[in-house]
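Below are structures written as structure tokens.
Both of the next two complexes hold chain A, though its partner changes from chain B to chain C.
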Partner chain A sequence: MGKFNVLEHELVPEHYLVSEDEEEEILKQLGVKKEQLPKIKKSDAVLRVLERKYGHIPVGSLIKIVRKSPTAGRIVVYRVVVRD
Partner chain B sequence: MMKRAFGLTKRINSIKFALLSPEEIRKMSAVKVITADTYDDDGFPIEKGLMDLHMGVIEPGLRCKTCGGKVDECPGHFGHIELAMPVIHVGFVKNIKNYLDATCRECGRIKLKDDEIEIYKQKIEEAKKMGASPIQLLLINKKIIDEAASRPICPHCGAEQKKITLDKPTTFREEGRKLTPKEIRERLEKIPDEDLPLLGINPETARPEWMVLTVLPVPPVNVRPTITLETGERSEDDLTHKLVDIIRINQRLRENRDSGAPQLIIEDLWELLQYHVTTYFDNQTSGIPPARHRSGRPLKTLVQRLKGKEGRFRSNLSGKRVNFSSRTVISPEPFLSINEVGVPEAAARELTVPIAVTAHNIEKMREIVRRGPHPQGDKYIPGANYVIRNDGRRIKITERNAEDVAKKLEIGWIVERHLTNGDIVLFNRQPSLHRMSMMGHLVRVLPDRTFRFNLAVCPPYNADFDGDEMNLHVLQSEEARAEAKILMLVQEHILSPRFGGPIIGGLHDHITAMFLLTYQNPKFSREEALHILSYLNYDKLPEPHRDENGNEFYYGKDLFSLILPKGLNMEFKSKICDPTVCNHKCVYEKCPIDAYVIIRDGKLIAGTIDENAIGSMKGKLLDRIAKMGSDIARKFIDDLTRLAIGVISYRGFTSGIDDEDIPEEALIQIHEIIQESIKKADELIELYKQGLLQPAPGRSLEETLEMEIMRVLAHARDEAGKIASRHLGLENPSVIMARSGARASMLNLSQMAGSIGQQSVRGQRLHRGYQDRTLPHFKRGDLGAKARGFVESSYKKGLSPTEYFFHSMGGREGLVDTAVRTSRSGYMQRRLINALEDLKVDEDRKVVDTAGNVVQFLYGEDGVDPTRSSGGENINMEEVLTEVLGEKYLLRRRK
Partner chain C sequence: MKMTELSLIWKDKLENVDRLRMNAPVYYAVDFEIKKELELPVYGYITLKGSEANYRVKITEIKKYEPMPGIIKKTTKKLQTLLKIEEVQDIAAIPLSEFRKEDGTYLKRVTKFSYGMIEEEKEIKIKKFREFTPEEKELDENVRKKYGIALPFSVIEKLVKVKEELELNKKEWDKVIDKVVEKYKKRRVDPYEAVGIVAAQSIGEPGTQMTLRTFHYAGVAEMNVTLGLPRLIEIVDARSQPSTPTMEIYLKEGIREDEEKVKEVAKKIESTTIIDVADVITSVADMSLTIVPDSKKMEGRGVKIEDIVDSLSKLKTYKLTVELSEDRIKVRLPEASYKKLYLLGESIKTLTLRGIKGISRAIVRKSRDSSEWVIYTQGSNLGDVLDLEEVDGKRTRTNNIIEIAEVLGIEAARNAIIEEAINTLEQQGLNVDVRHIMLVADTMTYNGVVEAIGRHGIAGEKESVLARAAFEITSKHLLTAGVLGEEDHLRGVAENIIVGQPVTLGTGAVTLIYKGKKR
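Moving on, here comes the complex of A and B:
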């Protein structure tokens, strides 16, 4: 399979895996439980690319996404990996 | 009277849906209905009939045979009908189809191997733990069913499966052979409880075979009351009619079956029973004709009662009718504040405010009660209509007992006092499309019969006075009044959350008047100035100027400066600014057309006040003042509208068709220009016919030609307009309105004076109508300007018959567009509201739903409230710098 990297596409925002230590802090800061966050499917094309970089990403991990925003310029959002 | 519950809030934890089992239907039934009759000859309910007294009472005087209650006490009780043969419930055909597909026709097990069953069960458990929504769970079930349905052989008993098709609405066939509801029910019975969760059924609350009815519940008579007409004729409810049909056929079916009638007759009757039961649930089932009333009107059965705009949900549960409200025609009243609403006396006497009697106000309340419901006198004073005693009893005050009730008044009673000046009420105009459609106003009781308000408040309500009606609601609790005053008062809504600018502001005459007051700074004598200022509450004239003869006079700009708040500094360009005058090099205060506004410490130094300063939605000055605080803004708009009325009614302002008079030679010039353009269009057509036209990139030859012609003709109209406007100066009232932004545009004027121009439908020149031509007045295939909807005439000159027809075609498009747009955007709005209605912004500016799920990590991703923004932007550096540095910054900015 050709090693196509979706993250390099202009329309795909930056994705990062959040480490376990940071995870707790972020959730505390946001004041929400994990299952209240938006979700991203395990089968998402982005996750396949991220796994190449970080190794196996288990269900329940936190993904940090940095998007362009028409109102704020840059905006950081988080998603939880769920099985599909 | 109903008791109010205080401090009792409960949260719904979960909702469960279940099916009624036949046993349950029998258990909750008060009577087994066996006769299709309703009343006997004396008008008394027949026993075991559809109006049996066990099912509740609707006639006064009778008592319910189940609970013993009278008409208003008995809630009604269900009855039941034993169906001779089972029938399918239309609401569940889809489910039944799924279950038949997914299970074995022999052993009834779901067609999945044991290990698969285990895996899927785990998956469902896991999804539930992850907080999956019912829709997500439904999707999992759907997947399981699809998987099981695709198996041609049962993995449990090895039986071969046959294809089942659904013949809408309620007939199932297995490879062409009809399955009777009885057979279907038997198959569903065979499905074991353990397999049900995979199909999306909770075996504790439902069994699939209950979707095939053997017993039919009969709703209480309260649900389907008999109506007695004035003539004494009785008329039954649609549901009762339908139940009569069901019972009749049911009985015939039973008799025929018991007497061993031929199978064919039984099947026919069975199908008829199925039809009646189907239409009893839903009379709009596709594939079968709706059951009709004797008059030919389709019956309104169960689904019709609930569904749609007029259904129970949207009409009675989501939308309720309220007391303490009124509705009447609206009209303008420029002498009211924007915060006020004029309420007709008749309405004020009917609408009441509950006031609790305390030690502090008891004497005052006595006085109000003593006045009774119709206080006399020239001046409006509030009376009272009711008092509510401590025990909750309501006493109506009449002229006769007013004195008596007033004497007996005690602390703790509640007096329902008439509306009076200063009460806060909610005022609303439909369609309520945004939050400014319902605002808080302070009452002013006025004579006559209309609601009145300041014209500046028209834009948020989108109201005009061509017969519009509006609603008014009187708040009944102290909390509501406080909320309305703080959050809903008109002055808190001057800035719109839609675009972060003012939506309440000067319009039409206000703008014209301010233009007349400030443009080129006219002079007013002392008398004139006093007359104009008498519309305002100012007791001091500004410092007068003196002319060469020593006469006192006042400048218009000084009069305007009176209403500006102190400490205001700003500069901006007026609407009338025309960069061609100064060759795109602004000369600021020296502007020859007085189009550069300079305000220093609340004084207008230079410039013209027009739409760009005070117009609703556009006013820069207004925007700044609105951000100085709502009280200051309210005062400014109140003063502005009053001053405007003063100026314009003193000076006088009128406009007529002779405003568009232009000299004969200009008309000839316009005619020549247009003829020339028409000729140019003809040349283009000739070029096209000879095949010499060069196509524009990405367009066909025809498209290019159309484009070029449109361009040439649009240019002709613009040129004609330019010539016309050369003869229309700023001393012309119509031009004043157009240039200052009060109403109309220069295009409108040039269409009146010069030429109307090309008419179009869907952005193209007119081309449809007859074969290859728009009208039979032209040759076939004529592509010329006149034949394709170009109108040379002006509105003033009048249109030729063909031009008139073309103009109507173009005009029709506009009408159709608005008609289509309103209905479409209404539906879009409804869907948006349903999707977003219970989202909220929480303490740390996250957007969350009711379950706390995050929708947006920061409201709007930038956390900015558009009403407190400046045109949607976070901060306006210009404003901050002006405030801090004052004139220094404004002068530096010019460079």
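Moving on, here comes the complex of A and C:
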């Protein structure tokens, strides 16, 4: 298992880890608290691949997702990493 | 093409890892010798159990062991090498089978120390979209600055194109942007608009016109797919198994153009069980089982009688005696009883001879634009299919949304929900705005797992007791709320209707404060 990089699949949008410095600014811009954001599980298939790039991703990190949108072209959303 | 670097893998104890982590950067004395010249820095992987790598350390120096103050020792004796450990990183466990040895084979277990290569992180590709062009970037920034809102990317893209095509001067261009922003602002959803209700109505109304039947695809032998309302219900219910799981398997270049090669792959994927190629007869007279292979069926599936005999050895719990005579196989149990014989017969019938578990049929067809051959399957197993070498993993998909969430992640599941729902509606000739479906998909994937719409999913998780009670199983919710002493802050819609207050929607959600002018 795991030889295929799931980020290359056409159903999977771009995922990035947000650095701690940027977190605050993003939350301020969105006007929400971290707990109010959509969630992504620590065990998510994409996070397992991202951990190879960024190293350990702790619970509570922000993941930036650039989705392809049929209405807006592309759109940036954020998910917060949660325990399983 | 693939960037790989040699790294070190060794087995270690958790307490050593903890000491390293606390003291890094530090010299670490280890009991193995590094004979190779390595380009520094080198990554070392530490395995705790010997089957998967749990920690990664950055090594910036390797030298021969000599006693020194302030070093950490792995063991007390036979120390040979000093490694300078820069940092210790927690990583998601990587199975050691993903590490390659220098001869190209994959590692199995590491008991002490080994060299290994892992596909480097540099090749992890995330990017999918093109970068903004300078014009697009400038426009985006200007709009943000001037109007305080961000226009969608598709609008920005179009605006830049229009500017070039029509050769607008600065004044006209500003006017165009002005108008676009104005229109965009007008078309946004108002604050406190009940988008959920609108989505429910917009999907529900056309849903009444959908067919209730499960259609059978004409032209494809023995393949049918659930369509219409049953399928839509299946999607929003987040069933772990759809009633007709199917996959579309695309293949890599060089294979997909050749029908014969594709058929070969299809045969490899299609799982063949013994019952597909043979009859299993239970004989009570001499307490034995006889497998009678059907030569025609065997030929069609490319199975030999020896394969069947081989597969019987998988049944390790039974000590079987297998006799092969001409065209039938006799199986005996040492201490046969009726019950044992029956159970054995059942497990023999479902023994997989070849193929991928769960995929009962694989059919080769031309793709929609008939440029290549595609495998359509009955049954689904995305994880195993993606690992096949011939498969083009980027496009291969299944209609099992839960499986997508497990294998490709929650965002992929969101996209799959949208696509499946829209396709189901469009097949019936219904046009529902994709924004409604997107809202449903967003809600279903909000918590990081795919949840159903309904009492087991998102409606059952509402904070308010009254809202839950108003939905389904009223007495259960009221009773548990009473027992647990739950509170209801009356913030939602349903609970405010129940108590007869204005709901927190639209104008009911805002308060007007009038500040009189000073005279």
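Here is the rule we use: the second predicted complex is superposed on the first by the 82 of 84 C-alpha atoms of A that agree within 3 Å, B and C clash if a C-alpha of one lies under 4 Å from a C-alpha of the other, contacts with A are read in each partner's own complex, and residues count from 1 in each chain.
Quick note on the criterion: a contact is a pair of C-beta atoms (placed from the backbone, for glycine too) under 8 Å apart; a residue touches a chain by one contact, two chains touch by 3 or more.
Since we're looking at a predicted model, the values are computed, not measured.
**Q** Name the contact category of A:R48: first (chain B only), second (chain C only), both, or neither.
**A** second
**Q** Applying the document's definition of touch, where does A:I40 land relative to chain B and chain C: first, second, both, or neither?
**A** Only chain C is touched by A:I40; chain B is not.
**Q** Per the contact definition in the header, classify A:G31: touching chain B only (first), chain C only (second), both, or neither.
**A** first
**Q** Report for A:F4: first if it touches chain B alone, second if chain C alone, otherwise both or neither.
**A** Only chain C; A:F4 stays clear of chain B.
**Q** Contact-wise, after the overlay, does A:A72 reach chain B, chain C, both or neither (first, second, both, neither)?
**A** Touch status of A:A72: both partners.
**Q** Quick one: classify A:H56 as touching chain B (first), chain C (second), both or neither.
**A** The second partner, chain C, only.
**Q** In the overlay, answer first, second, both or neither for which of chain B and chain C A:V12 touches.
**A** Touch partner of A:V12: chain C, not chain B.
**Q** Does chain B (first) or chain C (second) touch A:V82, or do both, or does neither?
**A** After superposition on chain A, A:V82 lies in contact with both partners, chain B and chain C.
**Q** Count the residues of chain A touched by chain B and by chain C, then name the partner with the higher count.
**A** The partner that reaches more residues of chain A in the superposed model: C.
**Q** Take the contacts of chain A with chain B and those with chain C, and give the residues found in both.
**A** The answer is residues 38, 69, 71-72, 75, 82 of chain A.
**Q** What residues on chain A touch chain B, complex-wise?
**A** Answer in residue numbers: 30-33, 35-38, 69, 71-72, 75-78, 82-83.
**Q** State the interface residues of chain C toward chain A in the complex, per the touch definition above.
**A** My answer: residues 56, 89-92, 94-95, 98, 121, 124-129, 152-157, 383, 386-387, 393-397, 404, 406-412, 415-416, 419, 434-435, 438, 442, 445-449.
**Q** Sort out for me which residues of chain A touch chain C in the complex.
**A** For chain A paired with chain C, touching residues are 1-16, 38-41, 44-53, 55-56, 65-75, 79, 82.
**Q** Can you name the residues of chain B that touch chain A in the complex?
**A** Answer in residue numbers: 126, 130-131, 844, 846, 848, 851-854, 857-858, 860-864, 872.
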